[in-house]
Amino acid sequence: MADQNSSLSHLDLETPEKPFLDANELVINMGPQHPATHGVLRVILRLDGEKVLGLECVIGYLHRGVEKIGEHRTYTMFNPYVDRMDYVAAVSNGLGYCETVEKLLNVEAPPRAQYVRVILTELNRIASHQLWLGTHALDIGAITPLFYTFRDREEILKIYEKYCGARLTTHAFRIGGLQYETYAGFEKDVTNFLDFFRPKIDEYEELLTTNRIWVERTKNVGNISAQDCIALGVTGPVLRASGVKWDLRKAQPYANYKNFDFDIPIGQNGDTYDRYLVRMGEMRQSVRIVQQAINGLPEGPIMAKVPKVMKPAVGEVYHSIEAPKGELGYFIVSDGSTQPYRVRVRPPSFVNLQALDVMCRGQLVADVIAVIGTLDIVLGEVDR
Amino acid sequence: MGQIIQYIQSYLDSDLTPGAAGNMFWALVYIMLVFVGLSVAVIAMNWLERKILAHMQVRLGPMRVGPHGLLQPIADAIKLLLKEDIMPAEADGLIFWVAPFVVVLAAFTVFVVVPFGPTHAITDMNIGILFMLGVSSLSVLGIVMAGWASNSHYPLIGALRSSAQMVSYEVAMGLAVVSAILMTSLNAEGTGTLSMIGIVQAQQAQHEWFIFKFFPLGLIAFFIFAVAMVAETNRAPFDLAEAESELTAGFHTEYSGFRWSLFFLAEYSAMIAVSSIAVTLWLGGWLRPFPNLLSNSTWDLVFSLFPGITFLFFAAICFYNAARMPKHPLFRIQTVGLAGFGIVLGLIGVILFIPAVSIRAQDIFWFAAKVAGFMYMYIWYRGTFPRYRFDQLMQMGWKVLLPMGLGVLVLTASVALLQEKLWHP
Amino acid sequence: MVAKLRNSYGSGMEPLTYAGQNYMVVDRTLIPEILQVLRNQEQFDYCVDITAVHYPKREKQFDVLWILYSYARNERIRVTTQIRDGESIPSSVPIWTGANWLEREVYDMFGIKFDGHPDMKRILLPDGWKGHPLRKDYGILQQDNEWVQINLGIESGQ
Amino acid sequence: MAPVATPFFFYLLSGIMLIGGILVITRKNPVHSALALIVTLLAQASIYLMLYAPFVAGVQIILYAGGIMVLFLFVIMLVSIDRSVKERQFNSQWIVGMIAATALGGLFIAVFMKGKNIFPEHALPVIENDNTQKVATMLYGQYMFAFEIASLLLLVAIIGAVVMAKKRI
């Protein structure tokens, strides 16, 4: 093929006779096996000393062909696969997929199912942000928050385990509602978790928010303007930290988010510190949402009337939700058979990762680590 | 034969360090003692760091090898010794081989002048502090050699980072040290000293630790040193050279097994060395707390009890934890081991109550206790702080600490002069 | 908006709605123009996704579609066009920077080339891989055994 | 106090210095040369110690071995080693260099042979403990002016280096 190995050609990776100093430009390869690339991301950095001139991401190491698999599975069978994309926010993936298929089938999950979905999804958002915080802080050198966040994330995972038996790739939702009624004591568990977790957010913030080194490492690092965000299609906390007050939960409410009262935390500068604050704020808002959902959890059925063998009418539907990382969209084309004709996943991490180049130019190598961390990418979702 | 015994005995009456007295036998004994003590301290430090850090981070740390993981460092040492020694194919063999030894040599040689007591030092050099700073600066060489000889990008960048860092912070460190040395000259003759023992004796003579001297000047100088020494030893939050998330392991990425453990050994003994400098210069070295306020014989007696009490306290902790061990037959060995360890500690404590022993040992005890405080701070920093970025670190060294050090130096000199002119005309 | 576009482009564009979602089928020739208009005049400033669907039985085998969103109007729209196999399509990177990787992925998965794309090469699959896996004629167990043998040194990845 | 400065140590250290010096100019790899130079400097510091000049020895270690040579290494390591190894060891000035070295060597030998006449008085051994204080009084008393001039010169050099290195100020 003509473009064989062309990814490196313009970067001059293989120039052994070129001496270090004369080149004035050092090409460093980071990853795919590198502790700070959060999986198997490979970044080729062009450096001038420690300053980044530009970078190129090489992705696809974790490509499993999820979209292709989707075309060969029935609608129900494909549901567990989506959990494997963004595996730290598996519940959100499931929610997006189920709602998209529900749209195709023109059914709606009953209110109780919707409430439970919101509870689990928001808990998942907290868990995802916790994992992000721990690893991001670890990249910047603060090792302790990782253990704190994992300790608290454990409580969420315990709730999942009690609810559906799985902790990470939960497959919690079914098309049309839920498979399982909540277990006895579910509400108490969730309430206990919320009471337990509220002071824990303060604990994280105590360690980091006013920590001088943390502030110096994150303020004015990886800045990205709102215009750039929009042009690049960046969504989620990254967009909000740049000052765009846009959250799909408010803009185009899905599930029953319109029933809940919550704020959208935003930042001004679009730097790493603002993104940190936005995510911390989102955790607090998620706690609020879960509290409201627990208080108003209605009784009733948990499954809508859905045919055993799903054959949606011919048509195509795009539906997206606000996943912890940004807009997670599903575009499903149905040809009237039991299997989707085409499943397209619009992965937030994939699109957000494009912004890495813009955010890193002119920064230092150490900042690349911070920026990769702050983008909160999951390679399972980038590569699918 | 008798001559030899006499040679050995002759030192016992002397009140000099073996080096200064020219007694080679006792110098050798002291060297052995310091070497063994240091190795034990590094091993203990290894265990303590993992344990303390673990407890800060809501986990348990090593628990399997020995009671509460007490034998973990030994197990680790054996593991490291048995590991394959890998040398990269393209590495510069000789330099790669020599580098860890240079680092270890530099880290251990400084202890020649560390004063654990008025006579408890291998030797008392006239240029003691200069010697310490100089030799410890040689470890940069080892790091640079290691990074370069590995012939790989990450170690090279790690080595460059740490050498740049160490060279920069040495400047601020030196200025802080000079301001403390300046304080030693505040006596009747007006002559200061660079000797480590002399510095502590000056604090004794002035009835004041230098950290409190000319408040807050001494404190600021101490602060500068305390920051610079963390940078100097490449520890968190200045552990850029071994920033795991950026450079995998920094200059020793390519090292493995025994050679790697030498770097590890050197890192910890360098930590102890710089802490010793800080203790000697500002915290009164081997002097017990409040030597001037509570200075009658009763207090002397009370403070002489501390070493024994400390060891008894450790022993009590051991017994308490032995009693808390699960009552399962499989835990019997661990329980017995922990209790045995407690008994050993308790015995040491009891021995330390014997006046003859305690008088000789309490200097060492206070010195070690102060150094231990610094070691705890090292661990604490590591648990709390994120890592500085390289330019920020340089900025801090050159734009904050260096001007501060210069200011403190000038102020100290001025205040000293004024004091001489005004209060003691 | 739709009416306005309809007026200016006539039969080249057909607005449709399914499940409450608006989309328009646009003639291949109108593509860069209509996207430009949508971006600049109708404020669809966020290119959510670019993807394609393969219909091997049709003469124009591929549906290429843009999913757009307007922050100002809080509205989504899909623009679909049909192209033949081997036909290329103007890149929308000049319109939305973020289209870069999305178009590369379409190229990677379907083999649809985008003219004027700054860096048209594979993104998820390795360079030099043969075949475009999301085409319907690419079997789910199929893989480029030659590539696997050369680059991974194993007989087969399965 | 027994004298440490036995002839044995003197010859040992001098030998190390000589070997180090030869290695500096014969090694093709500049890093090896720099490291050999460090060995030479350290041996030299030890000779200072034997001369009862511990302060100079300490300063030698801190400044030369610990500071300047590290910066040297710093620069050398960033230069491509492969190329310098390929380069010829001797350039066209080697004859001039050889003559200069021979002349200097001859001068040293002459001084060594007639040393007693040139320096009629024995250098008095200074007590080790007073050495540092002596250096201090000399520097800040008798040679105050020269000392300050030297530091001014260094300051000028630093500023000059900054001006030349920095693209825009």
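Read from first to last, the chains carry the letters A, B, C and D; within each, the first residue is number 1.
The criterion applied here is as follows: contacts are C-beta pairs under 8 Å (C-beta built on N, C-alpha and C of every residue); 3 or more make two chains touch, one makes a residue touch a chain.
Everything numeric here is computed off the predicted structure, so don't read it as measured data.
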Apart from chain A, how do the chains cluster through contacts, with nothing moved?
B, D | C
Leading the contact tally is the pair A-C
Can you work out the whole-Å distance between the CA centroids of chain A and chain B?
46
Hey, how far is the Cα centre of chain B from the one of chain C, in Å?
64
Length of the line joining the C-alpha centres of chain B and chain D, rounded to whole Å
31
Centroid of chain A to centroid of chain D, CA atoms only: how many Å?
61
Note the residues in chain C that touch 2 or more other chains, in rising order.
none
Shared-contact residues (touching 2 or more other chains) in chain D:
78
Contact set on chain C toward chain A in their complex
18-19, 21, 23, 45-49, 51, 53-54, 65, 67, 71, 74, 76, 78, 96-102, 105, 109, 120-130, 133-134, 136, 138, 140
What residues of chain B sit close enough to touch chain D in their complex?
22, 92, 95, 125-127, 130-131, 133-135, 137-138, 140-141, 144-145, 147-148, 156, 159-160, 163-164, 167, 170, 191, 193-194
Which residues of chain B touch chain A in their complex?
53, 56-59, 153, 236-237, 239-240, 243-246, 248, 382-392
List of chain A residues in touch with chain B within their complex:
28, 34-36, 50, 137-144, 146-148, 151, 207-208, 211, 213-214, 216-217, 364-367, 369
Across the complex, what residues on chain D touch chain B?
1-2, 29, 31-32, 35, 38, 54-55, 57-59, 61-62, 65-67, 69-71, 73-74, 77-78, 128-129, 131-133
